[in-house]
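One structure is given below, represented as structure tokens, and several questions about it will come after.
In this document, chain identifiers A, B, C and D correspond to the written order of the chains, with residue numbering beginning at 1 in each.
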Amino acid sequence: MAGNAKRLLFEIMEEDGRGLARGIDLFLLLLILFNVLVVLLESVAGLNEEYGEIFHRFENISVIVFSIEYLLRVWVCTERGEFAEGRAGRVRYAATPMALVDLAAILPFYLPLLFPFDARMLRLIRLVRLLRLLKVIRYSESLRIFTDVYRMKKSELAMVFLVILFLLVFASAIIYHVEQETQPVAFSSIPAAMWWGVATLTTVGYGDIYPITPLGKFFGAIIALLGIGLFALPAGILGSGFVGALRRKSSSKFYCPHCSEEITRK
Amino acid sequence: MAGNAKRLLFEIMEEDGRGLARGIDLFLLLLILFNVLVVLLESVAGLNEEYGEIFHRFENISVIVFSIEYLLRVWVCTERGEFAEGRAGRVRYAATPMALVDLAAILPFYLPLLFPFDARMLRLIRLVRLLRLLKVIRYSESLRIFTDVYRMKKSELAMVFLVILFLLVFASAIIYHVEQETQPVAFSSIPAAMWWGVATLTTVGYGDIYPITPLGKFFGAIIALLGIGLFALPAGILGSGFVGALRRKSSSKFYCPHCSEEITRK
Amino acid sequence: MAGNAKRLLFEIMEEDGRGLARGIDLFLLLLILFNVLVVLLESVAGLNEEYGEIFHRFENISVIVFSIEYLLRVWVCTERGEFAEGRAGRVRYAATPMALVDLAAILPFYLPLLFPFDARMLRLIRLVRLLRLLKVIRYSESLRIFTDVYRMKKSELAMVFLVILFLLVFASAIIYHVEQETQPVAFSSIPAAMWWGVATLTTVGYGDIYPITPLGKFFGAIIALLGIGLFALPAGILGSGFVGALRRKSSSKFYCPHCSEEITRK
Amino acid sequence: MAGNAKRLLFEIMEEDGRGLARGIDLFLLLLILFNVLVVLLESVAGLNEEYGEIFHRFENISVIVFSIEYLLRVWVCTERGEFAEGRAGRVRYAATPMALVDLAAILPFYLPLLFPFDARMLRLIRLVRLLRLLKVIRYSESLRIFTDVYRMKKSELAMVFLVILFLLVFASAIIYHVEQETQPVAFSSIPAAMWWGVATLTTVGYGDIYPITPLGKFFGAIIALLGIGLFALPAGILGSGFVGALRRKSSSKFYCPHCSEEITRK
């Protein structure tokens, strides 16, 4: 009996389905999004004063739902081949990224009940509730192509990180050296100049700090132009990655006209 | 007689043609662009005072032309196979996106005649006339490749939207938590911090709001650098999409020189 | 005799060469770059006062060199097959883009000698000298791949232009409507709002104008996020264009193992 | 004996290894990163006062380690085939980019001991220590694909540089001409306008300088929109470059199933 119920629940909760399974997916998805929305709105002083009570109740209900969801998932996980061996399987399931995300979604509620926290910590824990947004990953279908492309291009992307680091450190050191005397406050140290470096290389350019000496502007202009490459490099790498993923998918088998046998590619 | 005229009109208005058909296309295209220009210039107080009368007359003439165009298109649509069955076909034609755009282009003129609107609503309705710009889509040839690429890459682009949402929510929450005490007005709530988040992740960087504490700048820099990926991801996805569309177009059939038989690719 | 000299000059000036031909190319290239530099530096008041005399002499010498270059090119052009028929060929050569650029490079010097200009016009004509920079195109080798990609992707890039126009007009109209009451000066008209629209969609974000109402910030954020696509679309299109150009270059001929004859691709 | 030790050291230091070789790599990598961190933190006045002594000792130890590393590398380099011929080989090794980087990493320490420098020069030499970061290149694996792509696309990227130069010079000259009268200080010269040009074309947009006249805003908007191409061009070129590198790697040999002969592709 319990076995059948478990099997049924497993199919509803963990497999792509229709009807009830789909309805539950949609309900949980909306609950997640509303939870995130509530955390955002709660931080607005005016709204919290007026609707704080409602927000609080919604939070309580959500935690109950998410807790039930978590327990059920841990219960039914043994239906999947890889976690079949009872308790040990359950522990291994609980250590999967998605199960940890599910746990992180309910912990911010239970932790303050167990440990006494000060006000600042409590405020931080409220923000941790935003991790519930990660539960959405379960419902997104094309995550695999992203992780594929990332794995395929990992070393090139690490290289881009290195290029950014090089540019950032050298650019900031040069501008620091050039501008320090004229703007001793804004460019007081290399780390301070790095704030300018990031704003310039990423082309954000808040305008709170920028070179004013002719030499500083000259180097600043060159650095800003080099920043163009910072967008072009990862775009080019990811582009070739997605093209590669595309090519792998489209099977390109050739057949000989004589015997209709496949001509293999090595 | 009417049938012949309808056929002729259909060919002139709906099919790629030369001579008269091309001339009418160009005339309507220019009329659309001038209409948009007039809406833009009308909003400039000085110009409206001086040329308001001319703008008004131009608007009236345009609406007459667009109304005639709309009625003619609804009349001749039955010449196309899919809308051949008289009234029902006409209703279905009127529900196509392009026909709805044509209707939206003339409605802002007729609605205030039918219903009494207040001044604010009237001003809004004036802006709705800008939807006339959408009529240009009819004359653009390569829309299909865009919709093809979009359809091919829909799930990846949705994933990008999710990544943006994740980054935006978490980035804003972190900076809100770090800067709130030092800048209680600028970072008064998470939604306020999200305005900073959007300006930073999109690299717009107006400079009206930015972190000033060392820790805030540290996280802000990391978030700005992550923003680089926000441009690289869709650029890479669309790039591979256009490459895919390119490949599909170039027929890649192989023929053996001996028997002229096709070497099939599966 | 003159024929031989003409032939020799043609080979030196118009064909890729070594030794003397290469030396002359380099000399002209440097002269162009120094000319542009002089126009830039001349506009700096302090430098012009001190070195104005030198700048003036350099300008005179340059014009003499460029004039001789232009006359020689017009003289020797008949050595090329397409311009062989004497005077008519010379006129057709003079109408080629590169010959027009060469003419534009010397005209700013001769025009004021022929016609009396006022001070403002003279200042503008000084800037026209910057067109000399276009002469550099002659010495750049990979222009063809750019024009190829542009021709291949012309209609898609035109479509991008349309998308930008749509986004710009609609975004500016919305923000104008929302912010007009709160910021009647900054958002006084749709064209004024378009200045904000360009700064936001291109992610320049000077910070001289931005929405301050919650609704304006909400729409502004959405528009800024849509601006990401503005970079992704042309990057993707050009990427696929360069991939297409790459593929065309790499001849992909297949040979049958039986008879070693080429397997044609149709 | 010395030969064996040299061989062993060569394998540990210059070849990809495990165990001890890997441990030494990691130790040197961390030492480099800490060195860079120390240079950054040393420039913060508060930190330098408190931890200056520790920073100084760490610098001394690092230089000793890097000096030993450099001498050992020069000693063992003869184990590699290309530098086998004793002294001449060592000199040629010392002239390789990586050996020069290693030398540059220790020179800032020894130079002030040999030559008397003034305070400003000493401060600059401190920054030169940041070049130690370049030593990281030795440990990055996918540098080759970057240099491959760069070599493949060199002429196209040079063309992009030319396009940027064209846009920058012409854009700045136009805005200078238009805005000069209204903003005589900000747009005092073309080089001053080029500072605006770079900030706009790279979309940094600090907001310290921007057009305010209607005509200036009109041209400024067009220039900002053209700036979009500045990101799209290199992204597209690099994208096709990485796709090309990808294609080259995936060996595309075809074999006939009948005779196992290769179907050659030329």
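Rule of thumb we're sticking to: a contact is a pair of C-beta atoms (placed from the backbone, for glycine too) under 8 Å apart; a residue touches a chain by one contact, two chains touch by 3 or more.
Quantities reported herein were computed from a predicted structural model and do not represent experimental measurements.
J.: Farthest chain from chain C, going by the mean of C-alpha atoms per chain?
T.: Between chain C and every other chain, the largest centroid distance is to A.
J.: Interface overlap for chain C and chain D, more than half of numbers shared or less than half: same or different?
T.: different
J.: Roughly how far is chain B from chain D, going centre to centre by Cα mean, in whole Å?
T.: Each chain reduced to its C-alpha mean, chain B and chain D end up 41 Å apart.
J.: Would you kindly tell me how far, in whole Å, the mean C-alpha position of chain C lies from that of chain B?
T.: The answer is 29 Å.
J.: Which residues of chain C are in contact with two or more other chains?
T.: Residues 191, 194, 199, 203-207, 231, 235-237, 239-241, 243, 254, 256, 263.
J.: Provide the residue numbers of chain C that touch chain A in the complex, in ascending order.
T.: Residues 203, 205-207, 231, 235-236, 239, 243 of chain C touch chain A in their complex.
J.: Across the complex, what residues on chain C touch chain B?
T.: 155-156, 158-159, 162, 165-166, 169-170, 173-174, 176-177, 188-192, 194, 199-200, 203-207, 210, 214, 217, 220-221, 224-225, 227-229, 231-233, 235-237, 239-241, 243-244, 254, 256, 258-259, 261-266
J.: Sort out for me which residues of chain B touch chain C in the complex.
T.: Going through chain B, the ones touching chain C are 36, 39-41, 43-45, 123-124, 127, 130, 133-134, 136-137, 140-143, 145-146, 149, 164, 191, 194-195, 198-199, 202-208, 230-231, 234-243, 245-246, 251-258, 263.
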